[in-house]
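All chains are identified by letter, namely A, B, C and D, in their written order; residue positions are counted from 1 within each chain.
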Amino acid sequence: MNLLNDPIHFIAQWLQGLLTGWGLSLVLAKVILALISITVTILFAMALAIFLVWVERKVVARFQDRIGPNRIGPYGLFQPLADIIKLIGKEDITPALADKFVYNLAPVLALASVILLWAILPLAPNIYGVDLNVAVLYLVAAGALGTLSIIMAGWASNNKYALLGAFRTVANMISYEIPMVLVLLIPTLLAGTMSVKGITEAQSPTWFFFLSPLGALIFLISAVAELGRSPFDLSEAESEIVAGFHIEYTGMKFGLFYAGELLHAFTFGGFTAVLFFGGYRFFGLENLGPLVAAAIFLVKAMFGYWIIMWIKYTMPRIRIDHMLAFNWKFLTPLALTVLMVTAVMEKLLAGTSPWIYSLGLFLANLAIALATIEILHAFGKWQRKTEASTKPALQAGQYYEEQNP
Amino acid sequence: MQNGWLYIGLFLIVGIIVPILPLLFSRLVAPRKPNSIKQSTYECGIKTVGDSWVQFKAPYYVFALVFLVFDVEAVLLFPWALMLKRLPLFVALEGILFILILVAGLVYAWRKGMLEWL
Amino acid sequence: MSIPLSWFLILSAALFCIGLFGVLARKNAIAILLGIELMLNAVNINLVAFWRYLDPAQMAGQVFVIIVFAVAAAEVAVGLALIISVYRRRNTVVADEIDMMKW
Amino acid sequence: MTPVQIVFILCAVLILGSALMVVSTRKLIHAALWLIVTLFGVAILYAILEAGFLAVVQVAVYIGAIAILFIFAVMLTRRELRDKSPQLRKNWGAAALLGLLAFAGLAFLVTSQPGVGRTAAAMPDGLDTVQALGKSLVSPQAYLLPFEVVSVLLLAALIGAVYIAFTRKS
């Protein structure tokens, strides 16, 4: 272990030696080390969130054929810092009728629920917080805390818009949690473990994306919905409920919600990479050293984040009834089908060679996709036919004549 | 394993403290001049009418209900999915039976028109 | 682990009794269900403690807890649906006023 | 006092304090939020007891679904019962007495049993509790039947709840 190859563990060992050298017990030294590593991880995540503000603004500008922030620093890189200074300097307005404690707790919890995810994110083969054996469920549990923070924010603001926005968001989030949890079962059963590190290691011949492309797609869609981003951003439909659940939040408290949202999107990009795209693995390149592996992971996560942004800035907002119907009548049945088919195919092909195994699973997914498209096609045709037979299309002036006989 | 949970606990504590810091800092530097108009509920400049904690329509509850049942189901499937690789084929069929029983519930709710937002 | 088993059992007994108090003393039917949740959690603590202290290789305790989770979910779903249904007809959630079936 | 004991005591104070708030606080929504604190405390207890799967499921199912359902139900039924009226029945004193008596009885029973002072043995080596749990849930010799019955129970709950609450008025 040397400084150039693996600086993080080198420094950790050195610090541990230093602390025990001062006469501290080994347990205490380990706790202090853990605290230091936690603080570093969280500060890294926060710095990343600040950087993501810049990325987001630059990318959306490119999507919309603009330049984006370009005044402060090279390429406008210091723009988020200026934003933060502005947010910190803003007056913190608390509505007089708000439920003070819950109102103040909600943004903290919103950001903390995202930060908690970084405890299990494996950046490299030996850079990770903790390798839980229930990590996949831990992801769901942290999401539950996020949902809670939104309900708390909406309720404590004492504002009808906030409450409506919060309820819409929560209805949306909990609905899309079902396909997401169902799809999380797929990497679990393919890898035979729930630890994210184990799942990363299990993708050694083929990424799970190739074994279950539909699963990856459903995961991405439900992740976008979980995040409450466009096209599922009903929580902040400006024309209907103004800013949604964070309408009463000003200054840095709003900033926490915003940072939490961006970091959440990036983290989900990271989890997409871990669960379906091999995490820090990339054709053996990860063996060069932990820093290289971490870089690979971050690039993959950034790619996932970029796709989420791409969806956000391309799609228009969906109506709430459409959104819930899309989830319950399409995504959930599809996720259940994919799960069942993957389970059976996995068992049937278990003894065969890796090539046949991968190809079989891939073809099964393809068959499901084709069948789905055919069913949707037939259903759409049928619906158009019934609508045409029951309600003839209006001729010009017909509506007026009907109303004024 | 307990060490892992200790780590998560520390992570939770630090993860709550770190977001509080900018709020405290902002409290120090930001101006504070509250008045009653500023602190009133923001509803686009129109005076607030009635209680803010309004009553909600029932479909929210239906979706929460279906979610609850399927969430429990999906969570219970995790031990099954975990062991699938190590056990024979009929285990997969058990899980599928488990799923299909619940799909009946989804179909029922669908047929009753409970999944419509009306 | 250096915690005596009795600590867990006493904590769970206390939680159970608080839940019992909630069930008996609250007016609101939803609050009564909250009390029942507390009691179920007390039971769960007992089950997990016995699993850990008696024989961790025997999974009966954990399986029971999982079944209690499912039962709690079912109970909450049906219980709250009943309360909402009564509320929509009778416009009340006070348990004492829901007395049509008393005689 | 070992560190684990200190954590346990803090956790017990959290659980019992928030449970008391659940049964005594006036605003129903606050009671639901305090219930969430209690549930979280119980999840920490599970983590102390090295039942990681249950701790995570406790947060995911209890806080993420059941507590949310409670909050929704509170929101759906709050037109009539104002939070200003007293929330406790008139005979709450008797209920409190009964609770105390029950606690005294249970505590006496618990402490008088032999072997409750024991501390836990170390976990057996190489035992992955989640895998053992999965194995016992799907093996016909163990708990396959309860596992499938849970599915039927959830189905019944879903159908029943949907039927009870939302038969549309004609």
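Quick notes
Just so it is clear, a contact is a pair of C-beta atoms (placed from the backbone, for glycine too) under 8 Å apart; a residue touches a chain by one contact, two chains touch by 3 or more.
Remember, it's a predicted structure, so these values are computed and weren't measured experimentally.
Centrality by Cα centroid goes to chain B.
A count of contacting C-beta pairs for A-D and for B-C identifies A-D as the more extensively joined pair. Per-chain Cα centroids separate chain A from chain C by 33 Å. If each chain is reduced to the centroid of its CA atoms, chain A and chain D end up 29 Å from each other.
Chain B and chain C, compared by their mean Cα positions, are separated by 21 Å.
Between chain C and chain D, the centres computed from C-alpha atoms are 6 Å apart.
Shown for chain A are the residues that touch two or more other chains, namely 132-133, 137, 140, 155, 167, 174, 177, 194. Residues of chain D found to touch two or more other chains are 48, 50, 52-53, 57, 60-61, 64-66, 68-69, 72-73, 75-77, 79, 123, 130, 133, 135, 137, 150, 154, 157-158, 161-162, 165-166. Multi-chain contact residues, meaning those touching two or more other chains, occur in chain C at positions 1, 66, 69-70, 73-74, 76-77, 80-81, 84. Every pair of chains meeting the contact definition is listed here: A-B, A-D, B-C, B-D, C-D.
Interface of chain D with chain B (complex): residues 44, 47-48, 50, 52-53, 55, 57, 60-61, 64-66, 68-69, 72-73, 75-79, 123, 130-131, 133-135, 137-139, 144, 147-148, 150-152, 154-155, 157-159, 161-163, 165-166.
Across the complex, chain D is touched by residues 1-11, 13-22, 24-28, 30-31, 33-35, 37-38, 41, 44-45, 48-49, 51-53, 56-57, 59, 62-63, 65-67, 69-78, 80-85, 87, 91-94, 96 of chain C. Contact residues of chain B toward chain A in the complex are 1, 3-4, 6-8, 10-12, 14-16, 18-20, 22-23, 25-27, 29-34, 36, 38-44, 48, 52-54, 56, 60, 63-64, 66-67, 70-71, 74-75, 77-78, 81-86, 88-89, 91-93, 95-96, 99, 103, 106, 110, 115-118. Chain contact summary for the complex, chain B toward chain D: residues 1-2, 4-5, 8-9, 53, 55-56, 58, 60-62, 64-69, 71-73, 75-76, 78-80, 82-83, 86-87, 91, 94-95, 97-98, 101-102, 104-105, 108-109, 112, 114. Contact residues on chain B toward chain C in their complex (touch as defined above): 2, 58, 61, 65, 68-69, 71-72, 75-76.
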